[in-house]
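Note sheet for the following structure.
Chain nomenclature is as follows: A, B, C and D, assigned in order of appearance, with residue numbering initiated at 1 for each chain independently.
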Amino acid sequence: MFTEKVANKRLTDEEFFRIRREEVLSQWETGKDIENLQECIAAAKELSEGKNHALRFLEAKRNGTFILIPQFGRALTEYMIEGITYVESETGLVPDGAWNLYSDSYTRKKEFRKAAAGIERSRKEGMSMLNGWPIVNFGVEEARKITKASKLPLHFVTCDEDARLASEIALAAGWTANSVTSLQECISHSTTITLADEIRLMQYDARLAARYQEGGVPQCPWNTSHLTGYDSPGYHSFVHVSEAVLAAEQGVKCQFLSHGIGMNLLQDIAMIRVSEKLCYEYCARMGYEGVEFVAGVFPFLGAWPPRDDESNAMIAWNAAIPALGGFPGMILKCQDEAFATPTKEGMARSVRLARHMLTVMGSQRIPESAALRQEEAMIELEVRTLLEKCLEIGDGDMAVGLCKGVAAGWVDTMVTPWRHNPGKVLLVRDAQGAVRYLDAGNVPLPAEVKQYHLAKIAERESRDGRKANMDMVVEDLQFASKLP
Amino acid sequence: MQAADKHIVIGTIGSDAHMIGAWVLQKGLAAAGFGVTLLGAAVPQEEFVNAAIETHADAILVSSLYGMGILDCEGLRDKCVEAGLKNILLYAGGNVAAPLELQSNWPEIEKRFTEMGFNRVYRNTVTVNEVVAALKSDLGIDS
Amino acid sequence: MFTEKVANKRLTDEEFFRIRREEVLSQWETGKDIENLQECIAAAKELSEGKNHALRFLEAKRNGTFILIPQFGRALTEYMIEGITYVESETGLVPDGAWNLYSDSYTRKKEFRKAAAGIERSRKEGMSMLNGWPIVNFGVEEARKITKASKLPLHFVTCDEDARLASEIALAAGWTANSVTSLQECISHSTTITLADEIRLMQYDARLAARYQEGGVPQCPWNTSHLTGYDSPGYHSFVHVSEAVLAAEQGVKCQFLSHGIGMNLLQDIAMIRVSEKLCYEYCARMGYEGVEFVAGVFPFLGAWPPRDDESNAMIAWNAAIPALGGFPGMILKCQDEAFATPTKEGMARSVRLARHMLTVMGSQRIPESAALRQEEAMIELEVRTLLEKCLEIGDGDMAVGLCKGVAAGWVDTMVTPWRHNPGKVLLVRDAQGAVRYLDAGNVPLPAEVKQYHLAKIAERESRDGRKANMDMVVEDLQFASKLP
Amino acid sequence: MQAADKHIVIGTIGSDAHMIGAWVLQKGLAAAGFGVTLLGAAVPQEEFVNAAIETHADAILVSSLYGMGILDCEGLRDKCVEAGLKNILLYAGGNVAAPLELQSNWPEIEKRFTEMGFNRVYRNTVTVNEVVAALKSDLGIDS
């Protein structure tokens, strides 16, 4: 597909429009409805009035308030509208909310024919047989119906390799956040694509967002580290900073940093602080000016418990962490998490629960402490080492360095479907439930960091009276889904 | 008959990227003595069949987590039959349906998978031990 | 009723048995079944085997683990047994649980005839028409049925002025914790009784617990600051320490410190640390040796929200605080809180939720920090000042000092039904949701503490753009019960 | 007719120690212009009646939170009648029943309180404004 070598360089107008014409709009028939980019931008400007993601999130950051972000995705437009309006009207989500909307996985793999069959099937069965909304099949006018039905900023999860057409349609519909990822997508959702190819695809998405921004529709694409649910905090931050730099090069001016968390209060807060700090620092250092970052939390991405009561605990604790950390974006999973795509009732319940967490604890913050500083220092050391090595090996080019790092085996994490991942890393939880490297593989952890992790694991070993090993790794994967 | 004489192919079907369940299952079945081939994630139907032929497998365990398992599994039994694997055991497991209304109507799910020619279908609350026990019973292994 | 002056002195055997005969056992016909104290102690020893409150709680404290404590109280014995066995079998509460069991309020006011009518009425209506289990009407044999039905330590809420007969029956049934309170009871549940009378009544309860302890049945009576739900943390700690000293004088060797909390993480943790520390310190100073204290949290005693989702948030956050504080006792309210006495289903759901909070966060602790130290220092200063003033004015006698303090108007809190409370104090929440003195009345707050509170209130005033006043006080009473 | 011409007696009945609700109510009614006497907590029926006579009250607001409101309120209307307060308004409010099954069956609660001679009964989710509006309407006050 892509033969050129990758580089962290802004797409020229010429390239952008060539790709747009040849590779993107032609993917499916609905591409033709958005041929005129100027018109799309003008329409988006109007449609997103009063519910712009970037403006609302930056405002929340300034004011120290929170935005609750439920998720939703169903096969048919009417289900989408029904769900969105239900939650908005039943929960008081407006105005301090936003939406994280999903396409189905066929769409995310460009299997539009399968998605079409899924739409038909859903109509026939009278329920959603797809795990999200097939935006490409439905096209921009349908998407605009959703925009109009909601009072809130909309983000569309445009990921899984090539989501360029989905991005085009979402932004043309007045949704004000797509996804600007890269390594994240490979690790979470891919098997064979190369990182270089993924980066090239995502450069387009980023450049597209930047064009809308430049055209007067502020954008806040999501820079995420949702990953597999079982990754080191340092790896998360590394993913964020590298993605930040790549998106900034394309002209993106505001990014939402959606961090998958491990549910260890101190470690998660430390991780997010390090990410945010280094996103600013590295962008500034590489000459990208005026780029803003808004930090957020995506609830634990590992296995959830299959019962309401335990899920309620998960929802609460996953909300308590951003609250105590003071991170404005609180994405929500719901009580249906272990079973099926969220129902509207489930999302409403989850919004109400999280909202009340904010009512009772929303202004409380974790105090500064030596323990938090230490956790931050350890993560920062890990992330800086990886970033510097990337820049070094890539001759100052983050994209090149990233690709080389994966190929050389020192950019690594655990249990991903992605075949190019080295897969030597093993992680377990320590005595406080923080995530630690049992085996760092070829990740160039500074000796100090490595020792810190091993010492923490040793604490657990002595508490539990057994050695950390593969069995413990497997058990830990399921620690939060177990019922008594 | 012993578990070591039996071979199992495991993978996650369709465009599904979830592979932790299959990975955990593989470890469990291997520990129980089975020969196991893990195909990874996003595995097309053809690849399941080819791997089963290649490894002389006795069972194919299809994992599906992302909610479109019903759509992805349709036709797999036919492909097996065509390839001469008429009697190979077919299990499915995970979160096989997207809407909660269907997912929580398990008799309906079982009916559908039976109609599709699957021998068993499991929710994601199944334990590895339960899967091992079912395989042993279906494959006539002394336990 | 009591003509003698109060003093913090151990009841002599002679006094104890005279009171027992003349004032306690004669209160109701079931008193005669427990005439022989030696026999009662022997029976209790056997019945409490393997589920002793003191032993289990001290063990949890040593091991850094938690005990979940649901509550229950219904009019009929069969309802009690049904509820207890349901929760124990549906939640995995055994072995790391205990029960907080309630009598009805008629019993707590010695209105045994009304309680009898309530029993009849409940039978007729087929549901519980009393808000708890009328232990005195039912007597010791019925109570023993409950002991046998449960696998866990049982605490009986023996309070509301004169609960001496209830205490006698509960302990004789093998329940291993009654209540040793005093000012707490006046503030929470009383209108006209004098503090001196209340202390005298509670001295009996404490001495009774000590006798069981001396007879070989370890006891862990509850020393509580449940109060009204709207009290300063310093007042809470002060209540605990004063109660600790009074109970220790009677020979009580282990006390469970059940703190009503305000739901401000730092302030609550600081309060509990101060209480525990000063309980040890003052008991040692007054010569009571080998007294142990186990700290716990009673969920917010102010108004709860009238919907499940919001109640789930309350349950979660009220569990997170003892978890992060490392306090072994986690008492639970449930989703029924705003409406009616807890159902067994509600208690089971709450136990499962809290248990999963422990699964995901149970080994995480709040780190030491300057902010926490400051909060502790402020509370400690307030409490020490009150305690010292009591001892000074009481000539070294805590009981006398307490009574004089109330009479003189410098022991004070807000919105209590107790007519002897001075009632000049007004509390509001600050910008972080911590409870602060808007008006300290005649409470002898050190100037430093007073200024600290006012400065904190000023932060909120400037954030909210309005002055703190009575309206704010009234609003704050209901801050956690409001739905959007 | 004005609110200032009307007097209301409020208290928590029986052995009930909850008094925050009554306290909040008193502040609200006073702010709305009514004359209000707050009797505090654990108030016997007789005391309500005596206070109503003494203050020439137009309404008695009985608060009951602890779950035994039905038992505590029985006979209050009779006592009012005996004392010559045949037509005095009687409201109850709070958490008037102990079991959730009764508490969540509000028509049944209303029926019982009507039978006991109460004019209105309110859940604890009632707002002060709603109470003020009901009083104004029942007492013929222009709003």
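Keep this in mind: contacts are C-beta pairs under 8 Å (C-beta built on N, C-alpha and C of every residue); 3 or more make two chains touch, one makes a residue touch a chain.
Just so it is clear, the structure is predicted and the values come from calculations on it, not from any experiment.
Can you check how far apart chain C and chain D are, centre to centre, with Cα atoms defining each centre and the answer in Å?
Once rounded, the distance between the two centres reads 30 Å.
Measure off the straight-line distance from the CA centroid of chain A to the CA centroid of chain C, and report it in whole Å.
46
Measuring from the mean C-alpha position of chain A to the mean C-alpha position of chain D, what distance in angstrom results?
Roughly 55 Å separates the two chain centres.
Counting only Cα atoms for the centres, state how far chain B is from chain D in Å.
Each chain's C-alpha centroid was found; their separation is 66 Å.
Answer with line, ring, star, complete or other to describe the graph linking chains that touch.
Looks like a simple chain-to-chain line, open at both ends.
Judged by the touch rule stated earlier, which pairs of chains are there in contact?
Applying the touch criterion to every chain pair yields A-B, A-C, C-D.
Which positions of chain A touch chain B when the two form their complex?
Contact set of chain A toward chain B: 75, 104-106, 108-109, 111, 114, 117-118, 121, 127-131, 160, 188-191, 228-230, 303, 306, 336, 338-341, 343, 346, 415-417, 419, 470, 474, 477-478.
Flag every residue of chain C that touches chain A in the complex, lowest number first.
91-92, 263-266, 305, 307-310, 312-317, 320, 324, 349-350, 352-357, 359-372, 431-433, 479-480, 482-484
Enumerate the contact residues on chain D facing chain C in the complex.
So the residues of chain D touching chain C come out as 12, 14-20, 23-24, 27, 40-42, 66-68, 70-71, 95, 97-104, 124-125.
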